[in-house]
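Note that the chains are named A, B, C, D and E in the order they appear, and that numbering of residues resets to 1 at the start of each chain.
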Amino acid sequence: MIKKIFAFLLLIALAGVFLVVLQNYETPEELNLTAAYYAEHGAEEVGAANLVSAIVVTYRGLDTLGEVTILFLTASILSFFLKQREERGKRSVRASSELLRTASAVLVPFIFLLGAYVFINGHLSPGGGFQGGAIIASGLVLLLLTDPLRKVSSRLLARVESASGFIYVGLGIAGIFLAGGFLDSRVLPAGTFGTLLSAGLLPILYILIGLKVGTELSGLLTRFQEVQVPDGGDSPDLKKGENV
Amino acid sequence: MSSFGSVPVKILYALLSIFIVMNIGLLLQGVTRKIYARVSKRIGIRFYQPYIDLVKNYFLRDLVSHGVMFYLGPIFRLTSGVGMILFIPLIYGSPVFSNFSFSGDAVLVLYFMFFGTLGMALGSGESGQPYSAIGVARGLAQVTAAEIPLILSFLAVFIQYQTLSISTIVGAQQGGFMHWTMITNPLATATALLAFLGSMMRSPFDVVLAPQEIPIGPPTEYHGAFLGILQTNRAIFPIAKTILYVNLFFGGAGNWFEFIIKAFLLYMWSVVVGTVFPRYRVDHSIRWFLKVPLALGLLSIIFLQIG
Amino acid sequence: MVDQLFFNPIYIIGIGLAAAFFLGFFHRGTLAPRIIMVAVTAAFTIISLAWMQAFLLQGQTAEHGQAAAQVFTAGFQPPFSINLRMGAEEAFLTLLINISGLLGGIYLLDTLKKMGSHAVSVFIILIMGMNGIIMTRDIFNLFVFMEIVSIAVAGLIVLQKETNSLAAGFKYMIAAGIISVFLLLGIILAYAVGGSLNIDFLTAADLPGAKAGMIALFFLVIALLLELKPFPANGWALDVYDAAPAGVSAILAAAGSAAAYYALVKILPLGSSSHYTLVAAAGAVTFLGSNLLGLKQHRGRRLLGYSSVGQVGLLLIILGFSEVLGAQRDYIAAGIILSHSLAKAILFWLAGMLKQDGLEAWAALRKKPILLILFGSAVFALVGFPPFPSFFAKWELILLLNGGRFYLWSAVILGASFLEAVYLFRWFGYALKMDNEKLAEPEAPLFRLLPPIVFGILLYGAGWYMGSILEGFANFSYIPLAFILFLALIDRLPAWIKNTVSIAGVTFYIIDLYPRLEGDLLRLIFAGIFLIGAVLTLLSGYYYKGRRAGFYPLALTMFAGLAVLIEAANLLEFFYGWELMTIGSYFLLIRGKKSMPHGYSYMLFSVGGSFAMLFGFSLAAAGAGSIAMSALTGVTVLPMLAYSLMLVGFLTKTASVGLHIWLPGAHGEAVADIHFMASAILLKAGVFGLITVLLGMGAEASYTGPILFVLGWIGALSALLGNISASFQESAKRLLAWSSIGQLGYIVFGLATMSHLGWLIAISYSVTHFLYKGILFLVIGGIALKLGTPYMYKMGGLIKRMPFSFLAVLIAIITLSGVPPLVGFAAKWITYNLIISEGIYYQGFIVLISGIVAFLYLFRMIYTMFLGQLKDNLRTVREINIWFLIPVYLLLAAIMVLSFFPNMLLRPVGEMLSGYFPDGAIAWTGTLGTTRLGYYDGGAIMYVIGGIFVAALLFFFSLRKRTQQVKQFNIFYSGEAPSRPELSHFSYNFFAHYQKAIGVLTLPLVTNFWNWLSGILHGTADFFRRIYTGNGQTYAYHLVLYIVVVFFLQRGGM
Amino acid sequence: MSMDDIKKRKTVGPDGDTIEIDPLQDYYCSAVPSVSKEYQREIPTIIERFRNWARSESLWILAYGSGCGAIEMRPLMTPKYDAYRYGIQWRPTPRQSNVLIVSGYLSLKTLRIVIRAYEQMPSPKFVLGLGSCTINGGMYYDSYNTINRLDHYLPVDVYVAGCMPRPEALLDGFDLLKKLIKEGKGQGADLYAEKFTWYKANQKKILKTWDMPDYSW
Amino acid sequence: MNFGSLALGLGFLLILIGFWGLLTQKNLIKIVIGFSVVDTGVHIIMVGIGYLQGRTAPILDAALMQRTAAAGNQAGASADVGSLIVDPVPQALVLTAIVIGLGITALLLAYVVRLHEQRQSLDISSYEDLKW
C-alpha cells in the first residue's frame, strides 16, 4: 500500500512535469524547415507520392535500417533465447471454434495479399513495408489462433528474412557507388511520378522491408508459440482431454 | 682552544684530576655511610672502608667472564665516568682542571653520561643473568623518566645564559651567590635537584638495585676486579654529576675546597632524601617524575619566556 | 589522407548489418559465423584504425591534416537526411569500441558457439550499434542506435541462462524502456522546437532560447544521462554488470560506456551551461556515491559494476566542465576512457575466468601470474597511477579544475577516487595474498587469455602515448623504464644475474647522473641516499638463492621513481616519480608473508597523500600559471591550503604522527633488504618532498607561521610516539619501524623550524639515519630471515653466534642514540643549539626527551637479541649472510669516518644551507664546530674517549687476572640452576613497568580514529546501498524519481 | 632443576636441522677449579700480606640463611652489634661475597644450594660454620635428611659452636676468621680445589641425584 | 481546442496510466502491459506534435493536388503543398518508434516467459536475488 502511495505521489509529480511541458508547448502554425523541404522537394527528389515513405525509406533510410535491425535482433535473440527444447511434450490445446477456423481459411490468403499490396504500394499510398509486414504477420496470428499446434517453418522464415535483409543492405551499399550515398534510392531511375514503378529503388526496398518485417514478426510469433507450456504444465486454463 | 702539542701534559693533569676526584668520591662514600650509620645510632663503617673494599675487590684472585661485552662493560662504565670528569671544567678559571672540556660543551657531558649506562647494560646483559636485565630495564625506564625534568632544567639554564658552554655559564654566575642560578632561576634549580635524585641510585629511586629481589640488579654477576672497576666509577661518576650541577646551578667551584664543599652538600641532598623516604616502584617513580618535577621544569621555561 | 573508397565509415554499418543478416543462413555449431564475426570486427577495427592514424598524423604534420569526414546517407545534405561523422574523437572511440568488439568477440568464442549463429549476429549488431551511436549526427538516429544497443545487450545478457541473468535482463529492459520513453519525448519536443533532427542544426537553432526547448533539452539530457547510469538511479546497471556473462560485461563497460558518453557529448552543446552543470553534478554524485557504496561490496563482478558506474561519473564531471577544461577536455576524457575501458575490460575478462565471484576468490589468479599482472595493471590504471593514461588525465583535470577555482569539485573527484582506491586495493590485496589452495585454477584457454593481454599492452602503450603528448612531460626520459622492462623480460633468469644487471644499471645511472647534479648539493645528497642506497640494497640481494620472481623490476621501479624525483624538471615529472616510487614500494612491501593488511594501509595512505599532493600542486600551478618546479615558490592561490596539502602528502610518506599507522606493519613484515629500502631510503623521499615544498614556501609569508607550528608539533610528537611505541614492540622489525617514525619525526621537526640549524639537522639526520638504519635493517632483517622470526623473545645470546652482526648493531645503536663519540651526537648537539637559538622550547623539549626514550628500545633490542640466553634451537645458527654484512660494514665505515670528521658532512651541507638560511651557521675549524652557543669537536671527542677507553682497558689488563670463560648457565640463580634458556631470558614485555606508567601515551588513538572513520564510511555505504533492493520496479521508480527530482531542481535553479 | 633438564634433548633449528643439546656440556662450563699460586708458596709475599689484610678487613657475607642460625645473623646489623664497623657487609649475590655462613643444620636440599653458592663465590673465599649442627649434626645427627659434618663437603675455616651461638660468638668467629686470613691461613678455596675429587665424591655420595655440573662456576 | 494539444494531453495521460501499472503491479506481464501503454502514449504525443490544425496527410496523391490547386486559386498564386499537409517527419519517426517499442515488448515478454519457467512465478518480487 505504501508503495502505491509513493507511486501515486511520484506520478503526481510526473504529471506536474508534463503540465509544465503542456504549458510551454506552442502549437506550430507552419511546417518547419525540414518538413517544408520534404514537402517541396520530396516528390521530385525521391519520386514517391507518399512523403512519409520517402522519408522513411530514403531521407531517414538509416533509421529504417536500424528499425529493421531491431526487429531482426529481437527475432534473433528470441531464437536462441526461447529455443525450443527437444524434451517438450505434446501440448494439448482446446479446439478452436468453427467460426475461427472457417474465417481463417477464408481470410488468411486475403490478408497476405493485402499485406503484399500495402508494401508494394507503400510509396504511393498510405502504408509501406512495415504496415504490410505487420498485416502479413497478423495473418499468421490468425492462423496460429486457429491451430495453435501448426508448425511454421522457422527455417524458411529465417532464410527469407536473412535474404531480404542482406539484399537490402547490399542495395544500400550499392547506393554509395551508384548514387549519392548509402541507401540512396536513386540507383534506379525515378520513373514516372505516381506510378508503381517509380521512385527508384524505393518500392524494391519497401518490398524487402515488407518481407523482412513480415517474416520477422512471424518469426517472433512462432517463437512464442513454440515455448507454450506443454501438457502437464501448471497452466490452469488447459484441461486435459479437450484437445483436438 | 686545544693544541695537541701539550698532550702529555694534558694527560698528566687529567690523571691528577681523576685521582683527586676519585679520592673525594671514596671519602664522600665513606663519610656518607658513616652519617647514615649515625642516623641509625650505629657506629658504622670506618670512613676509609671504601678504600679497603676497593683494594680487596681488585685483589680477588679469579675472574669469571661471560663474554666480551661482559668483560668490556665495566670498562665502558669507567670510561664514561672518567670522560665526564675530563669533559667538565672542574675548577672555574683553572686551565689545568678544565682538562678536555675544549672538545665539547654541556651537551656533550649530558649525553656522555649514557655511554657508561649503555656499556654497563650491555655487559650485564651478556652475563645471561635475567635479574641483571630486569635491573637494567628498570634503570633505563627510571632514568628516562628522570631525564625529562633534568633536560628541562638544563634547557632552562641554557636558555637563561644563552650558551651551552659550561665555563661560560659558570662565568656568568661569578660575583657572589646572588648570581648563582639557584637564586636567579630557582624553579630550574628545584627541577634539577629533583631530577638529580633519580640518577643517584638512592632511595626512593633505588628499586633498580633492589637487593635480594633481583639480587643486586645490573651488576649481579660482576665480581672481583670487575666490581673494583665499577666501584671506582661509582666513586667518580657521582662527583662528576655533582660537579656538573654545581657548575650549572651553584656558581661552580673556584678552588678545590669550594669544590669539595659544594659536592659534599649536593651529595648529601640525595643522601638525606634517601634516608628519609622509602623506595618507589618503577612505575611510581616514573609517574612522580612526570608530575611535580615536570611541572616545575615547564614553569621554569615559561617564566624564562615571559620574564 | 584516408581513402574514402576503402575506409568509408558507413562500411561499418553496412558490413556489420550485411554480415548479421547473412548469418541467418547458418545454423548453430558451424565455425563460419564465428569466423565472420572476427573478420567483421577486424574490418571495423581496420577502418577505425585508418582514420585514427590519419588524425594522429594531423597532430604532427599540418599539411597531411585530416579533416573530420562527413558521410551523407541517401545522397542528401543534412539536415534532410541522416549524416555520420568521422572526426578525431569518433575515430578514437570507434577504434576503442571495435578493438573491444574484436577481442571481446574472441573472448566469447565458445559461449557464442554454444548459442549459435543468431547470437553471433546479435554480437555483431551490438558492436555496429555502438559505432552508430558514436558516428551519427542525428538525434533520432542516435535513439535508434541506442535502442539497437540496448536490445542487443539485453539479448547477450542471457547468453548465460540463470535466474539472476534473466532477472537482470528484465530489469535492464524495463529501465531501457523508460529511458527510451523520455528520450523520445525529448527528441520529438526538440524537433518541434528546433525544426530539425540534425544535431548541428539543432545547435544552431538555439533550443535553450525557447521555453519548450529547455524542456526538450531536459528530456534529452536526462535520458542520455540515465543511459550513463547515474547514482542512485542505476541499480539495474549494476545487476547487468553482475549477471551478464563476463565477456559481455567487459564490452559493456569498455565500449558501452564510451558510446553512451559520446552520445551525451554530442547532445550537450545543444543546451546551455545549466545542462553542463547538471551533468557535472550528476557525475559528481555518481562518482562519489558509487564508489562509496562499492566499499561494502564483496563480490567481484558487482564491485566492477560499481567501479564502472563511478568511472562514468568521472567522465560526466569532465563533460560538465567542458568549458573550463577547454581544449584539454578531450585529452582528459580520452585518458579516463582509455584507462577505464581497457582496465574494466581486463577485469571483467578476468572475472570470467574465475569459478567463484567472491573478492577473496580472486586469489586464484595467483596460480597464473600473467593474470595477476594484468589484474594489478588494471587496478593501478583505474586508480590513476603512472604510467597509465588516467594518471595524466587526472593530473590535467585537477590542474585545470583548480586553475578555474573549482576546488570543491576537484576535492570531490579526489575523494571519490580515493574511495575507489580503497576497495580496489583491498581487492587486489586479496588476490595477492589470500589463501588460494582450495580455489580452482582460473580457466584461461588462449582465446580468453589473448584479449586481456592485448588490452594490458594497450594500456601501457596508451599511457606512454598520453604522456608523450602532454606538455611538460614530453621530454621525459624513458630509459630507466626501458631498463625495468628489460629486467621484467629476463625475469626467468636466476637472481644473481638479475642482481648484477641491476647493480650495473643503477651504477651506470649514478655515473650518468652525477655531472648533472654537480653543484646542487641538496639533490646530490638525496641522490646519494637513494641511489647508493639502491646499490647497497641490491648488493645484499646476492644472498637470495633462486629466481626471486618479480623482485627486480619492482625494486628498480621504486628506484627509478626516486631518481625521477631528483631529476624532475616540473611538478608533473615530480608527481610521476612519486607515484612510480609508490607502486614499486607497494609491491616490495607486500612481499612479506603477513604483509597484506599493512601493504593495504600503506597504499591507502600513499594514495590519499598523493591526492593531497596533487591538489596542492594544482593550486600551486594555478597561481604560477606553469607547472615548473618554481611554481612551488610563493604560491598565490590559497597558499595555506596548497602548502598544507602538499606537506600532508609528503608526511604520509614520512609516516608522521596521524598518518603513520601503515608504517609499523608494512615495514615490520617486509623482508630484510626490502625493509632497508623501505625505511632507510624510501622514507627519505618524503623528506626530499618536504624540503622541496618548504624551500618554495619560505618562512616569510603570514600563512607559514601556523603551518610550521603544526608541522613542528607533528614532527615532535612523531618523535615521541615513535620512540615510546618502539619500546613496547615484541618484533624487532616493528621496533625498527616505529623507530623510523621517531627518527623521521626529528627530521620533520628540524625542517619545520625553517632555520639553518634545523635544516642541518634534517639533512644530516637524513644521511645518518640512512647509515645506521641501513645497518640495523640489514642485520636485524638478516637475522629475522635466518631465524625465521622477527620476535625478539625468541632470540637471545646471539652475540656468541653472530659477533660481526653484534658489533655492527652496537655501533649503529650508539650512533642512533646520539651518545658521543659517534656521529649521532652531532645531531643532538645541533638540536640543542637549534632549540635555544630559535626559541622553540616546547617542541624541542619533546624532541629531546624522545631522544632519551630511544635508549629504551635500543637496549631492549640489542639485549634481547644478542645478549642474555642463547636458545636451544639457535645453538648452531651461523653469522648472517655475507651479502648482508658487506653493505653493513660499508655503512659502518661511513659512520666511523663521519664520527672522526663530522665536518665532512656538516660543513658542506651548512655552506649549502647558508644559501637559504644565512643566519646561525656553524663555524668550522678543522673538526671543531662552533656556534653562537657552544662548540663540538668530533675528532677530539673521538680521541679523548678512545684514549680513556684504551687506558682503562690497559689498566684492567695490568691486573692480570686468571679469567675463566664460562657458559650461559653459569649464573647466580638464587642457588638454583637455570633449567632452560628460554626460562631465564628476560625479554617478553620488557618494559612492563614503563607501560604501566606511561602506556596511556601509546593507546592507539590514531588507529582508532582511522578505524572509526572507516567504520563510518562503511556504515554509510551499507546503509545507502540498501536502495538497491533488487526489485525491478523499485529501479523503475528510481528512474522516474530521478527525472522528476532533477526536473524540479533544475527548474527551481533556473 | 630436575634430572630431566640435564638429559640430552633434541630440538629443531630455524633451518629445519635437528640440534642435539647436551645441557651439561652446552650450558655449563665443565672446567674444575685450580689451586692458586699463593697456595703453593710457603711464605706469603709482602703484597700478598697486604691483600690478606684487605681481605680480612672487608668481609662481604653472602646474605643467606640455611637454617635456624640465620636468626642470629640479623642482630649483627643492628646498632647493638653493628658488624659494619669491622668491615663486614652483606651482599645479595655470591659473586660479590667472600664469606659463606652456613647457619645451622643443612638439609640435603639446602646443601645442594650451598655447594652451588660456594662454588660461585670468587676466591679467596671463606666458610664459617655456625652452630653445632654444622660440626657434628647436633640434635639432627640421626636425621635422614641433614648432613652431619659440614667439612666433609666444603672446606670450613671457622666453626662457631653452640646451639644456637649468640651474636657475640659469631662476632668472635669473625674475629678469628680475620686473624686466620691475615696469617695467610684462609685458604679454603685452594683446599677445595686441591681435594676437589674428595669433596665431590662426598657430595655426590650424600646427594643421590647429582643434577648439576661438577663445579658450578 | 487544438487536436495536436489534445493528442499531447492524451499521450501524457496514457503515459501516467502506463507508469501507474509499471510501478504498482506485481505481475510481470502487467508490468509489460504498463510499459506498452506508456509507449503508446509517447507515440500519440509524437504524432500529435506533427499535427497541424486542419491539414491533411502528407501523401501527394490526386486529392491533394486538387486541394493544392484550389488553395492556389484562392491565394492567387501557386500554392505550396507545404501549406496543406501535416508534418510527415513525426509520422516517419513514430513508425520507427513503434517498431522499436514492439521489439522491446517482445523481448520483455520473452523474459517473462523465461523467468516464469525458472521460478513458476510472475511476481516481480520473486526475482530480487541480485541486490546491494
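Simple rule for what comes next: a contact is a pair of C-beta atoms (placed from the backbone, for glycine too) under 8 Å apart; a residue touches a chain by one contact, two chains touch by 3 or more.
Just so you know, these numbers come straight off a predicted model, no measurement behind them.
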Chains touching both chain C and chain E, listed by label: A
Partner chains that chain A and chain C have in common: E
Taking each chain's C-alpha mean as its centre, the one farthest from chain C: D
Most central chain, Cα average position: C
Taking each chain's C-alpha mean as its centre, the one farthest from chain A: D
Highest-count interface - the chain pair sharing the most C-beta contacts: B-C
CA centroid of chain A to CA centroid of chain D, Å: 117
Rounded Å distance between chain B and chain C, as computed from the means of their C-alpha atoms: 53
Chain B and chain E: spacing of chain centres that average the CA atoms, whole Å: 101
Interface hub residues of chain D, defined as touching at least two other chains: 93, 95, 217
Two or more partner chains touched - positions in chain A: 7, 10, 14, 21, 25, 28, 32, 34-35, 38, 59-60, 63, 66-67, 70, 73-74, 77, 81
Contacts with two or more other chains, residues of chain B listed in rising order: 61-64, 215, 220-221, 224
Chains grouped in pairs wherever the two touch, ordered by label: A-C, A-E, B-C, B-D, C-D, C-E
Complex contact set, residues of chain E against chain A: 2, 4-5, 8-9, 12, 15-16, 19-20, 23-24, 52-53, 57-61, 80-83, 85, 87-89, 91-93, 95-96, 98-100, 102-103, 106-107, 109-110, 113-114, 120
Touching residues on chain C, where the partner in the complex is chain E: 140, 144, 147, 150-151, 154-155, 158, 161, 163-164, 166-170, 173-174, 176-178, 180-181, 184-185, 187-189, 191-192, 197, 235, 238-239, 242-243, 296-297, 302, 1025-1026, 1028-1033, 1036-1037, 1040
Of chain A, residues touching chain C in the complex: 6-7, 10, 13-14, 16-17, 20-21, 24-26, 28, 32-35, 37-38, 45, 58-63, 65-67, 69-70, 72-74, 76-77, 79-81, 158-159, 161-163, 165-166, 168-170, 172-173, 175-176, 179-186
In the complex with chain C, residue positions of chain D that touch it: 1-2, 5, 9, 11-14, 17, 19, 21, 23, 26-29, 31, 64, 93-95, 112-114, 116-117, 120, 211-212, 216-217
Chain A to chain E touching residues, read off their complex: 3-4, 7-8, 10-11, 14-15, 18, 21-22, 25, 27-32, 34-36, 38-40, 42-43, 49-52, 54-56, 59-60, 63-64, 66-67, 70-71, 73-74, 77-78, 81-82, 124-126, 128, 130, 194, 213, 217, 220, 223-224, 227, 234
